[in-house]
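Below, chain A partners chain B and then partners chain C, in two separate complexes.
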Partner chain A sequence: MTTSLSAEATSTRPPTRQDRPPGRDRFAHPGRAVWPWLLPLGLLLALVLVYPVVEIVRLSFTDASLVSGEPYRFTLDTYRSLARGTDFQQTLGITFVFVLFSTVFQLLIGFAAALLVHGAERRGLRGTVVTRAVVMAAWAIPGVVIGVIWGLLYQETGSGILNHGLSLLGFSGQAPFLSDPDLALTSVIVANVWRGTAFSMILCYAGLKTIPDDVYEAARIDGARAHQILGRITVPLMLPILTTTLVLVVVETFNTFDMVLALTGGGPGTATQVLALGVYDELFNQLNLGRGAAMAVVLMALNVVMIALYLRLVERQEGVA
Partner chain B sequence: MTVKLSRREVLRLAVLGGAAATVTGCAAAPSGVTWQAIPSYSLQGTDPKRVDYLRSVLDAFQAESGVAIAPAVTSADTAAAMAKLLLQASQGRAPDVSQVDGYVFGRMAPYARPITSQVAAAGLDVDDWFPSLRPIMTGSGPDVRSLPFTTDVRVLYHRKDLVPTPPSTWDELIAVARPLAEQGHAVLFPGGRSEGAVATTLWPQYWAQGLELFDASGEPAFGSGPGYAAMRDALAVVERCVAEGVTPRRVATFGKEDDLNSDVVAGRVAMFIGGSWQAAALNNALPTGDFFDTWAVAPIPSISGERHVTTAGGWVWAAFSDDPEEVDAGIDWVVRAYVGDDGMAAWCTAGGYLPPRQSVYSNPAYQQNPFTPVFRDHLAAYSRTRPGARKYLAVSNSLQIALSSVASGTTSAAEALDQALDRIV
Partner chain C sequence: MRGDRIGRAGYHLGQAVLVIAFAFPLAWVLSLSLKTGPETLQSPPSLLPESPQWGNYATVLENTPIGRYLVNSLFLVAVSVTGALLVAVPAAYGLSRFVFRGRRTYSRGVLAAQLVSPLIIAVPAYRLFVALGLVDSYVGLVLIYIAMIAPFLTWFLKTYLDTVPRALDEAAMIDGCSRLRTVVSVILPTIRPGLASAAILGGVTTWSQFAVPFILLDTRELFPVSVGVVNLQQTAGEITTQYLAAGSVLAVAPVIVLFVVFQRHIVGALTAGAVKG
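After this line comes the complex of A and B, so read on.
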């Protein structure tokens, strides 16, 4: 006994599963300790997560409608129609443009805003708490309300707030923010950046708070300029939080549909129809459960890839730590 | 005396009590009926006039009949609410009596209970409803399955000072509108992605050419031949209005008819195609309150000018309960509040709706606005309702996208129609 304790105490490697006595391996005897604790949560997850996902995947291989009494058959036509139909390819293209620009600008502006607030705090300036609260408010507003607010801003007459401002600057004051297909997508991206920047800012701000002041102090003593501090200290030390923010923002943007629904409804034509809105449209406006489920599976696959990437990053960060 | 019961005996008593209660409940008259409406038609509405009316009728009905009405309200997103109701109805879980959007009812009709006897018992005559609404009531069978209780109709509104004689064709309309547009007075219609846009702007132009949206087998009838040409020409009307500059491209963002109200109030409109419900709203919104004096109503122009068609809409009540007594009680309630002579007159007055029953127009309790007689004539002479075909929603959605693309001025009518046909699965 003494020998074994001494062996454990002197060992430098962490204990592995093989090191455990067979009789005390809780995973080898699941009924004893682990499963009773995991079972309720496992059942709950199976009921509210696994079952719906399996059901959606199953339905995506059918031509079912939302009306449960109507007959349906199993078919690959739903996926074939997605692959061949120009509408779905267009929706995917719009979604990627929407996600790319929304993410890049949310991250850049969020990071810049966090740097400003953090810098102001370090200099003891007033108003940083108010600034954070105001930014958080933008994040807390529901997407539908943001859609309505930006709809008022984008109104395409002199009574529209942005157009009125443009007319004061000497422009026509009739910019087709939402009726021109190209400009409509830009307008939706701008509204989404406004909405999501707060989230990026808060995460970046939290990341900035973890960087010790000593590091900055040392850099200043060594004569580093502001842009050198940013490029060689802040950004490298913030990289883990920036990548995490990037993944979270991408996932959130892929799933955005409420704001777009309220702002443009996906129009004009399909100029602003993102994938999540397409799923809603297919299910609730056209009652096409099979095709809507197939589109949802594609959306889910995109999200799973991003989540897998996120988990990989977290694992790597924990490994480094 | 103290009676001690074991746990098993307590459980037995509870089971027996529950069974007795169930048997009693089955034998008695319905103790409660679930009544589901959309928010603005329910006790959760924001208009005190309507809510006060409903509360007073509900209290009186419950006191007299002894039937408890359990109010339920759908979400404000009526498209999603109707989709959910359709799912519930198909699974036998729909509320006992529910409000259904008239154009969706065709899909729900197989699950709605026949109410012919209840309609007769209430002293209502099916022939009293406008002929265009009767197909919604009976679906494809002989029985009455729904009760339309509000309706509406789309018309051409024109400013009397700018357009004294309303145009009958689109050629005339564009000729009249061109100089007016240069003075800042546009022609507006909803051209965005919504059911209201196709119902107001597109279907009347297509129907006026004498064609149907679906063939006898329920497939879209505009895939080729005369149907294709008619739909392309209907979209071309919108294309031409935008290209000629009489209609701004921003109509591509007008999903609902009401979206153009702010332009009308701002005095930027010479003519617009809108719904009957807009007249009262605009009269209230105008600072001068003289909408009925300065504007007039005419049939929606058509391509040939020989035939005019418009779309009628509205809401219906339908019963979904399996229990005949609950169906009786539910229909009694909606007849009392919304469908009967006094109920329809009061509800349509409170909400500013058009009554779908012709006799109600002469009911003294129904307060009309100056345009109501014209709307009534249009309902009788020009109106049609949307078909209840299985593919209607897919067709509508696809052509909403086409209409919006054409209105934005970036896609031609033929191109938009071809893309729409590709989208219809």
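After this line comes the complex of A and C, so read on.
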């Protein structure tokens, strides 16, 4: 990428007419001519994204209810009640487990799948297009539909297919996938990994394609074994992409609630109530706008950390490339 | 040579495992959707329906608004993707072609906007729309959809435009084209594959949106298919397994077809947007 952000940051002095030929000057330094190109998107984002963010922070310091028009006052009670509330701590704990395991497995399986498809392609084996399409299709299905689909797979009666599979393997075949609190969270994580793996796979696969073949060739000539190539060449070269993927997956996982809503609705009890679903529940079932907004701010704070990381990663990559 | 043969077998085996793991849930739902009511309750379950009940689909289309939901989703996708491209193309061009003060801030804003949670947007938007009487209106919904997909499309198209030589713009402008004319009649045709990828990705993302329409729409007739499916599921007392399965198949079929047909574009789009930065 030639128009790197870092180059721009180091030269603060705008080049004068003497520096560049006039034709090029017109392109690089258009004066005000650039703003008509940027304003439509800029205004839309300011209106649709910035306003809600400011508004939700403001509301988080109030005792407003969702029923609009009622008067409300400013208070810190929302945050106090979150800090004291065991339910919120439980939600955070569940979210942490959910995000940790979802992310780790999505990344591991996604990377492995990418290595597999990429490797098979380089060997000229058949079937890679099918594999890619099938895995990626999972990513394109709306989260709620994935929840419904996995709900059908997890049916706990004798007609449930996963339970039938378990009974063929010699288990009881009556696993309470969604009605047992501990097992429910595992079930939700498995479904979420199924949903998100494709995204990691696509990014890793693209990353693998950027590694030139000569690198592998040279390593092989030097007598490197497969696991050495993976550990000393592929993984280090893929590190920037793996970290970017990690950040994107973590954000996505923190914010997801559609799949969980359709699969368990947060239950049994609140065993699978992740933070984003908790925000939804607080707002639209409990109608506590203030407290819900405060929970949303916590969610947003987590996002901000991830966004900052993401920007650093992207800008570093732009600078290098 | 022997090692190589084992290696090849390993690759085939690995791919087979992946395909089964990812295709099986969908295949199972497809199978359920073609069973009779008693068959879905049968224990142990049979893998395939005894005789495929294609009538289940007719029943679902007749007795639930799922057809309506599909049409709504298609409409929302078409309008949102068009709208998003209308703001994303100029912004991408500006970012790719001009050096200006505030460029860094602007690109950071665009990148950060990709990661704002729909839930956080939806709640204040709901209050605002109640006040403005926009609940149940597609106008507000489409604006939010556009704002949610445009940042990603902008970034993707910007990286795409970076690969198009500036000499092309310069030549057109020396020939007397205005900049707008240059973009419309020279640049846009050049980046048509990029536009196609962007449109497909924006379409898939819009199709999957759930939080925003779920919160902003009250009237059933206006639901997109994602919200509609939850609605079907919540009336599970009335709807039996095979119909729920058929509804799910109908809800995913369009996206899967699109995805399989345009797979190449989609891989390219995702990777350009997220990896190259």
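Quick note on the criterion: the second predicted complex is superposed on the first by the 275 of 321 C-alpha atoms of A that agree within 3 Å, B and C clash if a C-alpha of one lies under 4 Å from a C-alpha of the other, contacts with A are read in each partner's own complex, and residues count from 1 in each chain.
In this text, contacts are C-beta pairs under 8 Å (C-beta built on N, C-alpha and C of every residue); 3 or more make two chains touch, one makes a residue touch a chain.
Fair warning: this is a prediction, and the values are worked out from it, not measured in the lab.
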**Prompt:** Which partner does A:Leu178 contact after superposing on A: first (chain B), second (chain C), both, neither?
**Reply:** first
**Prompt:** Which holds for A:Thr157: it touches chain B only (first), chain C only (second), both, or neither?
**Reply:** both
**Request:** Determine, under the contact definition given at the top, whether A:Ile307 touches first (chain B), second (chain C), both, or neither.
**Result:** second
**Request:** Identify the partner contact of A:Gln286: answer first if only chain B is touched, second if only chain C is, both if each is, neither if none is.
**Result:** first
**Request:** Return first, second, both or neither, reflecting whether A:Pro268 touches chain B, chain C, both chains, or no partner chain.
**Result:** first
**Prompt:** More residues of chain A are touched by which partner: chain B or chain C?
**Reply:** C
**Prompt:** Touch check for A:Pro236: first (chain B), second (chain C), both, or neither?
**Reply:** neither
**Request:** May I ask you to decide whether A:Thr86 touches chain B, chain C, both, or neither, giving the answer as first, second, both or neither?
**Result:** first
**Message:** By the touch definition above, which chain A residues appear in both interfaces, chain B in one complex and chain C in the other?
**Reply:** 68, 157, 159, 283-284
**Request:** Could you pull out which chain B residues touch chain A in their complex?
**Result:** 79-80, 83, 86-87, 90-91, 107, 110-111, 192-194, 248-253, 255, 262-263, 266, 268, 390, 393-394, 397, 401-402, 404-405, 407-408, 410-411, 416, 419, 422-423, 425
**Request:** In the complex, go through chain A and note every residue touching chain B.
**Result:** 65-70, 81, 85-87, 156-157, 159, 176, 178-181, 264-271, 281, 283-288, 291
**Message:** Residue numbers of chain A touching chain C in their complex, please.
**Reply:** 1-3, 5, 8-9, 23, 27-30, 33-34, 36-38, 40-42, 44-45, 47-49, 51-53, 55-56, 59, 68, 113, 116-117, 119-120, 123, 125, 127-138, 140-145, 148-153, 157-161, 164, 167, 194, 198-199, 202-203, 205-207, 209-210, 241, 244-245, 248, 251, 254-255, 257-258, 261-262, 276, 279-280, 283-284, 289, 292-293, 296, 299-300, 303, 306-307, 310-311, 313-315, 317-318, 321
**Prompt:** Residues of chain C touching chain A in their complex?
**Reply:** 7-8, 11-12, 14-15, 18-19, 21-23, 25-26, 28-29, 32, 40-45, 86-88, 90-91, 93-100, 103-104, 106-113, 115-125, 127-128, 130-131, 143-144, 146-147, 150-151, 154, 159, 162, 166, 169-170, 174, 179, 204, 207-211, 214-215, 225-227, 229-230, 233, 241, 244-245, 248, 251-252, 255-256, 258-260, 263, 266-267, 270-271, 274-277
